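Next come two complexes, and both contain subunit A; in the first it sits with subunit B, in the second with subunit C.
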Partner chain A sequence: MQYLRIARRKAWRIGLLVALAALVAPSAFALSADEIIERMEDNQTHPTSYIEGEMVITDRFGDRVSTFFAHTEGDDRFLVEFTSRDEEGQRVLRRNDDLYLYYPDARETIRLTGSALRDSLLGSDISYEDMTGGRGLAEDYKFELLGEETVDDRRCYKIELTARGTNVAYPKQIYWVDSEDFVLRKSEQYARAGRKLKVTEVLETMEQDGYIFPARIRITDQTRRSSGTEMILHQVDIGVDLPRGVFSLEQLTW
Partner chain B sequence: MKLSGIALRNVFRNGRRSLLSVTAVAVAALSITLLFALLEGIRADIRHNAWNYESGEVRIRNAEFDRYEYLNPVQYVVPDHRALAERLEQLPQVAALSPRINIPAVSFRGERQISARGIGLDFRMEQEYQEDLDLIVAEGRLPATGTSEAILGNRLARELGAGVGDTVTFLTQTRARTSNAFTVDVVGLAAFPVAALDRTAFLLPIEAAGHYMRMRDAASEVLLKSTDGRTEVLKAAVSALLSEEGPEGMNVASWTEVSGGYSYLQMADVVYRIIALFFFLLGSTVIVNTTMMTIHERTREIGTLSAMGMRGGQLVRLFFTEATYLGIAGSLAGVLAGAALAVPLQYTGIDFGAQMEMVDMDLSTVLYPVLNWRSTVLTFFYSLAVAMLASFVPARRAAKLQPVVALRV
Partner chain C sequence: MVTGMRKTKHHSRVVRLPVLITALALAVAAGAAAETRVQSELDSFANFVWTGDELGLLGFARGQVDFLSPRGQPVQGRLQLRATLGEQLAVPGGPAIRPALLEVPRANIRFRFPVTEEYNMRVTSGRDRLTWGVGSLFNAADLLFGADGTAAADFTEVDDVRDETAWLTSFYFPIGDLSYLETVVLPPLADIALFTAEDADDKDNNGAGASIADSGTAFDQAAPLSQTSSGLRLHTQLAGITVEPSYLWDGRAETHNFALALQGGLRADVYAAGRLTLDEDMPSDAARVLEERSTLSTGIYYGFNVGPDRTLTGRFETLVQPGGDWENRNDREAEYGILLYPELVYSPGRTVDIIARSVVSPIDQSALITGGVSWNVFGGFRAQAFAAVQAGDDDAIFGWDRPGSVRVSTGFNYRF
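This part shows the complex of A and B:
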């Protein structure tokens, strides 16, 4: 009888431990919003890369295509050069937080500051400001995991990004990050008053040298009528040797 | 004694009162003469500016550009403007034409963006189109063909902190709806007659503008002037040529249809005529007052004249003739004084300077009144008619006075 009582007590304790373990286990193994964003950034940041692609810009007057190639280093240095006939030789250089434009018909480079950063890149849905972000989101935003949702049949973490200060393009963003490959599948950008400004959707991804990244992205400026921009990457080489001084201002005008 | 003689004698019976009446009519006539001269000057100025800088006398544009003008769709162009110009020049109604390329531009000064509007011109054709083009050069010279030179509006140059010998870089949107930037050498500063142009415009050779805008032989618009000022005839001839030989999809418009200045002029014309009427009414109240005072003072005399057999109609004519003499003197003096003031102003102009600087209209800062002899003569007769009509009612009252009643006063 005594033995039976002890056995019952043990069984109850084991049951309690199992129940506790079952409750604790999900939070022990799930990722936090910060960790998800970190893994997403790791996935989309490369030491160096060479990219070739095109932008298909749609507005109420029709479609047009701009082709380009780009060199990148880390997440805050890139040089984009356009190769399509109407923009041939035009370049956009990002060095840290500075953005410079070079046009073959101009004898000086244009450093974009202030409200000029809100202007559109070649009339697309991408603003110059969109090209300056991305360096350590944690510096500028606080993250909150809102839950999980399915985007194009992919299970995604839904994360809200709230700006820490005012020196960012968007006070609030919502990211949908793939729970398997940590690719950003969709994002929405909002104004301070809550108005939706932009939607970015990843239509295709590609894998290269162990990295998975968006290969076709559609960006829609919600403030413009009948507008949309598709960014399509045709070639991505990771870990390439960059041309010497490729991110220098001297090289920009050369 | 004839009625006219009695009336003339009566005018001088109370010199001061007659002088007051004459002065009232004269002031009204002078004001109207000046007002009409100024209106005529504004009309000529708006037409000059619209024809040279805005719409031409007749304008050819892509119809789709007109449709979406609020979006500034620079991709809608007039194709192969040189070939089109050659065909247009064959039309006997065309005195001069000017193909143009408009450049929406912005220049960066630190964090400031300064908006500007480039106008690409064929300076050889432009000398013919705008005979007084050289007059806008305040400093330096006009750009040379085949260069990247530009002449900037005075105020735009000040905003940019640029002068002759400097370079300025502008960012623009091209015909391909993409962006481009270009640098121009400033070779001159222009004193555009219109403040809005002075604040924003720069002129450059059409070849350079076409290259920067990726226009590929196209122009934004072609402006035309007629040989004889018959705008509608020119418009019909150009429309017929385009519908027969193309290019298709063009819109031919006369300046009266598209010029903002012309609409203003139509409105101003009505407003100024109302003001003129107001001046006449003001002047006529003095005439009415003077005539009534005269009748009141001469009631006994009217009674005597009636008793002696003068009929009512003759009395009306007497006072009417008196008013006519006063009206002639006042109107003539006013019109002549107005003309004497307006004629020198035709040459010196009236500088509205600061008041006009922020006005976004094709009106010059210095306005030159133009004395139109037809309207001046009409002003004289209007003034006279108003003065005569003003005396009619009190004169009829005098004619109705009973001699017995009048003699008792």
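This part shows the complex of A and C:
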């Protein structure tokens, strides 16, 4: 999932940045929006990972928890399997820009196309469409540095992303990227008419295997009377050997 | 629930009650010792039914237990047991439901078989479901369970309304990462569905519901091997469209069935399927063969936001049989050339679904209309209320004045 891979960074780079902060500060401020996004995307990209976590959907009747585990590779391949009772065995496979769902009872595979991509993932604030994209933002968006703002006591670059075409989920986005470790701290997604659709906030980060990445994220769909969906990662193993053919229909339906 | 037994399995093989209980106990014991996953589901409903003369009340309770083998193993097994108590009326043409019954909807073993160091094939053996083609209710490419799922459908389900299973053995051969070839063999096991409480004392009952012990020996139930069905399908993608050609030899009907299913879309999800059934008695004229032996289904699905926290999804499917009746025959059993299936699901929040579905027969101007609310109060716990009405003349497929023409069902479902 895109948000699972947001803002990862090798620790030595952060250490280097911290050590040289005073010296490099003037040049850092001179970074362009494209360079900041590129650094952020560098953090997001790693070869492989195995993740276990849960998704907590909150409404007035309480919390609903969906647990899952996932294998990921790069920016555009993942296989998620839900393990909670209601969704037991349901899987989502992403291959490039294609999404496939598997329902174990029906032994049925569905390739999501068209408006079905806008359906909510298990009633959460996350749409299937949110699970696509994430590859090479520069291909789909133009960037403009709007300035710097503080998010949760972290100094961040505020960058506006404007879609180059219509084949993206959000015509406009605003990112707040940490000016020290280039981790995405917050983002907002907008409709073409300017209406705010979603807000993603990074509540906690985790450092492991030389990477820093969000460990607890809250996604709030602004079009719903929503208390938000929290994505919490309990275990992340980076650079793992993936099972052979894990991103295939055979594995999806196993 | 309103529209017949939930996820009716009308080809279940008989299993006697003691056998089931023993199997259940063994499975529980095995689950306690190993990492077997156990899932349970309970339904408790009150059904108000128009009997033809007056409004009646029927209780309906159902329990289902699933035993699943541990994840991540090269061999997987699943045993699903289901017990239903209480009377429930089925939709016209559907299977009759006994006051009490036990079923084994799923009992299967799956395993991966290494052909080479780099290549695995997969085998599934037992009772299971395979979904060929695309379609919620109508699916012409569903060569295993039929193009029209009305008889066995559960219209109170939020997602899938069809859930038929069958005894089968299938072989799955991956072709690259996103394509596969699947072959299937369906042995000619007897069409005996149920073991009921009544059957235990009914020695004369040799039809549906009889147990093997009641009707003689197991050999009496054996069907000729020549009735075995077998087939294959290829699932692949071409130019962004999912393409699935398939074939099935139906050993009982002695027919060759060819089908092609397509799925794609831009803003809306669009799918279509066609089937051709050939046998020895088919006409020699190709045009007549197409007219009399073909079945077509189409579908479109679209969803959109209709306000804050509100979504509306629509589905519209058609089933066309060119060789069916295209004029009103004034016959309840008529097979008309076209049926429609419109469906709307309105979700005014993340836990409530308001569902309206209808099977429409435009030629005799009749319809089965189902509407209701499903409220996911807590995780796994749902409160549901549904109503189903048959609208049409007395001699139409669906009609007002017949038993079960009006049904209201309220109750609860809990998965744990």
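One rule holds in what follows: the second predicted complex is superposed on the first by the 221 of 254 C-alpha atoms of A that agree within 3 Å, B and C clash if a C-alpha of one lies under 4 Å from a C-alpha of the other, contacts with A are read in each partner's own complex, and residues count from 1 in each chain.
Just so it is clear, a residue touches a chain if its C-beta (ideal position, glycine included) is under 8 Å from a C-beta of that chain, and two chains touch if they have at least 3 such contacts.
Note that the coordinates shown come from a computational prediction; the quantities given were computed from them, not determined experimentally.
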On subunit A, do subunit B and subunit C fit together or clash when superposed?
-> clash
Once the shared chain is lined up, is A:Leu101 touching subunit B (first), subunit C (second), both, or neither of them?
-> first
Using the superposition on chain A described above, determine whether A:Asp59 touches subunit B (first), subunit C (second), both, or neither.
-> both
Touching A:Gly245, do we find subunit B (first), subunit C (second), both, or neither?
-> second
In the superposed arrangement, does A:Thr223 touch subunit B (first), subunit C (second), both or neither?
-> second
Superposition-derived comparison: subunit B or subunit C, residues of subunit A touched | C
Go through the superposed model and pick first if A:Ala30 touches only subunit B, second if only subunit C, both, or neither.
-> neither
Which holds for A:Glu88: it touches subunit B only (first), subunit C only (second), both, or neither?
-> second
Check the residue A:Ala138 against both partner chains and state whether it touches subunit B (first), subunit C (second), both, or neither.
-> neither
Please work out whether A:Thr113 is in contact with subunit B alone, subunit C alone, both, or neither, and reply first, second, both or neither.
-> both
Only subunit C stretch among 25-33, 43-51 or 241-249 with CA clashes against subunit B is 43-51
List the residues of subunit A that touch subunit B in one complex and subunit C in the other.
-> 57, 59, 61, 64, 86, 103, 105-108, 111-116, 123
Within the complex, subunit C is touched by subunit A residues 57, 59, 61-62, 64-65, 83-86, 88-89, 95, 103, 105-109, 111-116, 118-120, 123-124, 221, 223-226, 244-245, 247-250, 253-254
Please name which positions on subunit B make contact with subunit A in the complex.
-> 73, 75, 108, 110-113, 167, 169, 171, 173-174, 176-183, 211-212, 214
Of subunit A, residues touching subunit B in the complex = 57, 59, 61, 64, 66, 86-87, 90, 101, 103, 105-108, 110-116, 122-123
Tell me, which parts of subunit C touch subunit A in their complex?
-> 37, 39, 68, 71, 76, 110, 112, 118, 120, 122, 128-131, 159-160, 162-163, 172, 174, 176-180, 235, 237, 242, 263-270, 301-305, 308-309, 311, 313, 349-351, 376-380, 415-416
